[in-house]
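Residue numbering begins at 1 within each chain, and the chains themselves are lettered A, B and C in the order written.
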Amino acid sequence: MSIFFAVLRRDLMLALRSPAESLMTVGFFVIAATLVPFGVGPEPETLARIAAGLVWVMALLAALLSLDRLFQADYEDGSLDLLLLSPGQTEIMVLGKVAAHWLTTGLPLIISVPLLAVFLHLPLEALPALLAAMLLGTPVLSLLGAVGAALALGARRGGALTSLLVLPLFIPVLIFGVAAPEAAVADLAARPHLLILAGLFFGALVLSPWAAAAALRLAAE
Amino acid sequence: MSAPGFAPPTTSSTGLAAEALACLRGERLVFERLSFSLAPGEALVLSGPNGSGKSSLLRQLAGLGPLHDGRLLWNGTPVDTDPEAHRARLAYVGHQDAVKSVLTARENLTAWASLGGGGGEDEALATMGLGALADVPARFLSAGQRRRLGLARLFLRPVPLWLLDEPTLGLDAAAQAGLKAALARHLEQRGMIALATHVPLSLARSQELDLARFSPVRAAA
Amino acid sequence: MIDLATFANPARFSRIAGRVFPWAVGATAVLMAAGLYFALFASPPDYQQGESVRIMYVHVPAAWMALSSYTLLAVASAVALVWRHLLADVVARAMAPIGACFTFLCLVTGSLWGKPMWGTFWVWDARLTSVLVLFFLYLGYLALQNAFDDPARGLRASAILALVGFVNVPIIKFSVDWWNTLHQPASIKLGGPAIDASMLVPLILMTLAFEAYFVTVLLLRMRTELVRGKLRSARLRAAEADEYLPNIGKPA
């Protein structure tokens, strides 16, 4: 487990030294979401109807944008070799990197959701369910994203490739992530959707590090 | 002492031994039937023209590159039976320095020390003559200083096997002398070194391995 | 000397493939002819959907092929990753585009069928949506496979992706079905559960025809892959021999 915290601390320290990268992801998230009223019109009813879905779609895209910095920098400067050579399991190392990625992108996104909720007229009763869904769902994005980012290392057009690989895998998170706040608006229980999201989280927690570690070893060959 | 071993080493030998290694890069067979044995206190100097597979062999010895054929033994046991134990007994310095510009020299080392389990950053910095630069962010370091910082990682954790890819690259005469002394000390303490170098380091108890001899094309010619 | 291809058995594969191939071609032709005859002439129009139900005889087998190809792709990828078996790589590489084509065919026929039935070329029907996502998975697989300068690297990366995708297919399918029931479900489905026996005959024949066609094209593509591999290593050897020429005179 020590490798988990060592990698986590290292990546958090790196992120803190160049905070612009995290902030840019959040900036993209907010700006892209505020573009929507220009596209569909500013009527509060229209926006309220689609707000939860919009927040999620923008979160997916923002997460995607941040994925290339998960392994790319370490791959380019040779750190990846050393990470793979550090004593301890590579899968745990991957988990440490994913945790750092989530803390520096997923969490800031969630924190900025209330702002978007105001902009997009999200029904107030949907907000707690949306936040809970994002707390469970955004780690899945980081976990699945790690697989895509690791697979695309060293490829031509790596960034666009990562999107192509992981976006279809994000669909279940999107579906249940939106279903929870919508259920809350319809006065139904959001709990079942949140439980499914939790299931997706645990599934991804078990399988993604394995696949990402295999992909990293392949990239280092 | 220069006996590049065609003779298969006995399995009871201590240290690192390679038996009939082969390396494919892309679909090109770089070398094949490469064998050597490296006893404690010995150095293995890899030579050969560009593209003869020096870096690839070092990566294979580190467990980063796949063995396309043959076996790698540590004290007579194949290393792939316990890759984690192999990782714990080696230090690898590749072409790239794996230095993060946003961290100071000391922080760079601390990050690696916490990953690998080790310490003594200040001694390591002093050994490579970087004591005065400990708190300078690495982006202000010159290429040679970054190289020295990369090499300082060797001293964080006492491991028997050092794998060095062109360690003298970018080092001035003083730094080269310092490195030579450090290598000699490591050998005195019954450590092992495998390195690719273009600069003669005149190490005691070293054997030279000319990789061109194992190129399939040369053999055919 | 290790043989560049571990690869004694591709020779055996070529021999077997050569023997099976004419049979596969023949079976495809016969089954396709019989299937089309039953599908277009010897089966009744649907009481609800009329003549357009005949699209089902292409659409449904294509959907089955799309899914079974992906399954086979995952199996081949697992074999390639675990045992590093060359032939499994060749199978995976050869069949991914075929599977993608079946998926595309399923989408196109589904969309064509939608026009007379739903009055629009695209409805977010649960099955069609799942097939669309499957198509994206195929696209990602193919893109990853071809994104590297070293084809072996692309193969192994895409093999990992195929396994990840395979685990996700049922999850995606479940999510999409569930999402679909939440929103308005389509009233008429292409190839619903109650199928009359007169429709079953052309459906089975067309499915078998597609299977035979799949085997035919797979064998053809595998042989092409093997020949391409040989060609590549021959070129490589030629280039290498040239590159090392100046060194030959020097003492070893």
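Criterion: a contact is a pair of C-beta atoms (placed from the backbone, for glycine too) under 8 Å apart; a residue touches a chain by one contact, two chains touch by 3 or more.
Worth saying up front: this structure is predicted, and the values here are computed from it rather than measured.
Visitor: Using the touch rule from the top, work out which pair, B-C or A-B, shares more C-beta pairs.
Guide: Contact tally favours A-B.
Visitor: Which chain lies the greatest distance away from chain A when centres are computed from Cα atoms alone?
Guide: B
Visitor: Let me have the rounded angstrom distance from the C-alpha centre of chain A over to the C-alpha centre of chain C, please.
Guide: It comes to 31 Å between the two C-alpha centres.
Visitor: How big is the gap, in whole Å, between where the Cα atoms of chain B centre and where those of chain C centre?
Guide: Computed value for the inter-centroid distance: 46 Å.
Visitor: Measuring centre to centre with CA averages, how many angstrom lie between chain A and chain B?
Guide: So the centroids are 38 Å from each other.
Visitor: For chain C, which residues are shared contacts with two or more other chains?
Guide: 149
Visitor: Which residues does chain A have that touch at least 2 chains other than itself?
Guide: 221, in rising order.
Visitor: Identify all positions of chain B at which a residue touches two or more other chains, and write them in rising order.
Guide: Touching at least two other chains: none.
Visitor: For the complex, which residues does chain C have touching chain A?
Guide: 81, 133, 136-137, 139-140, 143-144, 147-149, 153, 156-157, 160-161, 163-165, 167-168, 171-172, 174-176, 178-179, 182
Visitor: Which of the residues in chain A end up touching chain C in this complex?
Guide: 147, 151-152, 154-158, 161, 164-165, 167-169, 171-172, 175-176, 179, 200, 203, 207, 211, 214-215, 218, 221
Visitor: For the complex, which residues does chain B have touching chain C?
Guide: My answer: residues 22, 24, 26-29, 32, 49, 68-69, 212-213, 215-218, 221.
Visitor: Touching residues of chain C toward chain B in the complex: what are they?
Guide: By the definition above, chain C touches chain B via 1-2, 4, 149-152, 229, 232-233, 236, 240-241, 244, 247-248, 252.
Visitor: For the complex, which residues does chain A have touching chain B?
Guide: Per the touch definition, chain A meets chain B at residues 2-3, 6-7, 9-10, 13-14, 17-18, 74, 77-79, 81-89, 220-221.
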